[in-house]
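Note sheet for the following structure.
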Amino acid sequence: MTSAPVAPSWHVTRWFNSAPLTLGDLRGKVVVAHAFQMLCPGCAMQALPQMKRVQHMFPPERLAVIGLHTVFEHHQAQGPQALEAFLHEYRYTFPVGVDEHAQGDPLPLTMRAYAMQGTPTLLLIDAQGRLREQHFGVLEDLALGTALGGLLAEADGLPPAR
Amino acid sequence: MTSAPVAPSWHVTRWFNSAPLTLGDLRGKVVVAHAFQMLCPGCAMQALPQMKRVQHMFPPERLAVIGLHTVFEHHQAQGPQALEAFLHEYRYTFPVGVDEHAQGDPLPLTMRAYAMQGTPTLLLIDAQGRLREQHFGVLEDLALGTALGGLLAEADGLPPAR
Amino acid sequence: MTSAPVAPSWHVTRWFNSAPLTLGDLRGKVVVAHAFQMLCPGCAMQALPQMKRVQHMFPPERLAVIGLHTVFEHHQAQGPQALEAFLHEYRYTFPVGVDEHAQGDPLPLTMRAYAMQGTPTLLLIDAQGRLREQHFGVLEDLALGTALGGLLAEADGLPPAR
Amino acid sequence: MTSAPVAPSWHVTRWFNSAPLTLGDLRGKVVVAHAFQMLCPGCAMQALPQMKRVQHMFPPERLAVIGLHTVFEHHQAQGPQALEAFLHEYRYTFPVGVDEHAQGDPLPLTMRAYAMQGTPTLLLIDAQGRLREQHFGVLEDLALGTALGGLLAEADGLPPAR
């Protein structure tokens, strides 16, 4: 567990619901992030509603909920303006960053840096900034809660476990 | 009931999942239509999944499931190209018509013709082309089934009831 | 459809939530009945909650919701006193009849008369007292609603369809 | 947290799905117990299905799932024989203890020892045998998972937190 890698930096061109944000800014908090696309059904119907439940369960100073809009298809339909309308209509208030595209590459940079297989992808980052879990798909609430409970217990001043 | 009005014509600029379609083409079938917007949460999370359930429960020669994309806000984000991506990602295979806009009016023509209050709006049209029910929001499955069962019984050769 | 059989009489030793009741008393109404056992999970978790939804959707003068306690196993644990506690705790207020046992037969009489395969079993009886549908298990709300809508349309003064 | 009390002993007259069991036997494991009554709707429809989900998520050597049948009403209908039929029908395979009644007292001994207000009541006991949480009702899966994740992190060799 002490060998868990530091989470790769995020490449974000624009933030919604937040001033620009880096992983360094979140040090000291447990971070739950979902990489999503606004037109991906599993994202819109499962992952993001779960993020809203998580957001309302924990105080923001202990746990940060983040969305990363990692568009790798339907780029025209999922631009920042469309995303803004989506976030507004669904009343999502947690920070959402738009993953950056390098010239000519359909996959965005953060998605590549984490070698994500698709959307939604869940990232759990501990209070020390290490990537502790990456999961393609959506965890059951019970499993996600268990993972968060463990990371929060650590963050409450515990030395790394196991 | 015999006084139910003929359903107003639809003004559609483009059809997905179908050749151009008019209410006249559907005469003889019960029609269940939902007016929706792709970025409206109640549409994406409730109304359209319900339409898919209805579509799979009845043979298409008895009952037609139709979507009408009645965009009245976020016009840029909800254009035909975005709608096409949305329908593809959610695997919706029933016909969907794009409601037409008159110059300068944010509300589209069919939405105005039916005096809809918003999205989703359910339309139930009987086999004789009459608008029998219009409902802003989503009916429970039990209530929708009851309405459909009544219209189908009529369509099976029964004279209008009540 | 005109060949649908008259529903077999019910053999009930005791009624809860009602004075003694026969199928004849219900003539003129559509009848939705579920044969159940209080300790059958599909009954307690699906069929009976659905009956409650049906009960609240239709006026009692048009549609009667009935439970039949057809105990064929765990007879000791599912006696009338246990059933009374069960109905009280779950707040079921529709009439429930206790299916009668002949000496030495674990299967009760009504269950035998309808040749039921187990619990829950749904019975749909039309306003003329004919058994129109019998289904082992629970129908989806959409399918049950459709069946009820058809029977109610008939009951509203329509001659039998098809 | 170090001041959390040792969980009161359980008074059990009979175990299902297990040899006789004490809290001492469970030392070293996190314990999730639900006090329930088989005819309590919130128990049968929410608490016990959640216990089954928890049971299947964690290895039994790390986490023990326990039911306590704390009957305080409908004593006749909820006796051990009825409970046995209930557990069999619902396929519950975790240990369930029958809470003991003192002469003339409708409330059983364990229920009194924990001053429970009703059923279901959730008990979370840490690996050191201390009662860490007692909750009348059912927690959301996310909240229960979080609590379990914290207790499991502690049990994995961590000194008590906070």
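Going in written order, the chains are labelled A, B, C and D, and every chain counts its residues from 1.
The definition used in the following text is that a residue touches a chain if its C-beta (ideal position, glycine included) is under 8 Å from a C-beta of that chain, and two chains touch if they have at least 3 such contacts.
Please read these numbers as outputs of a predicted model, since none were measured by experiment.
Considering the contact criterion stated above, no chain is in touch with subunit C and with subunit D alike. A centroid comparison over C-alpha atoms places A as the chain most distant from subunit C. Distance between subunit A and subunit B, defined via averaged C-alpha coordinates, is recorded as 36 Å. Inter-chain spacing, taken between the CA centroids of subunit B and subunit D, is 50 Å.
In subunit C, no residue touches at least two other chains.
With chains as nodes and touching pairs as edges, the resulting graph is a single ring in which every chain has exactly two contacts. By the document's touch criterion, interfaces exist between A-B, A-D, B-C, C-D. Residues 53-54, 57, 140-154, 156-159, 161-162 of subunit B are the ones that touch subunit C when the two sit in their complex. Here subunit B touches subunit A in the complex through residues 39-41, 44-45, 73-74, 76-78, 81-82, 84-86, 89-90, going by the rule given at the top.
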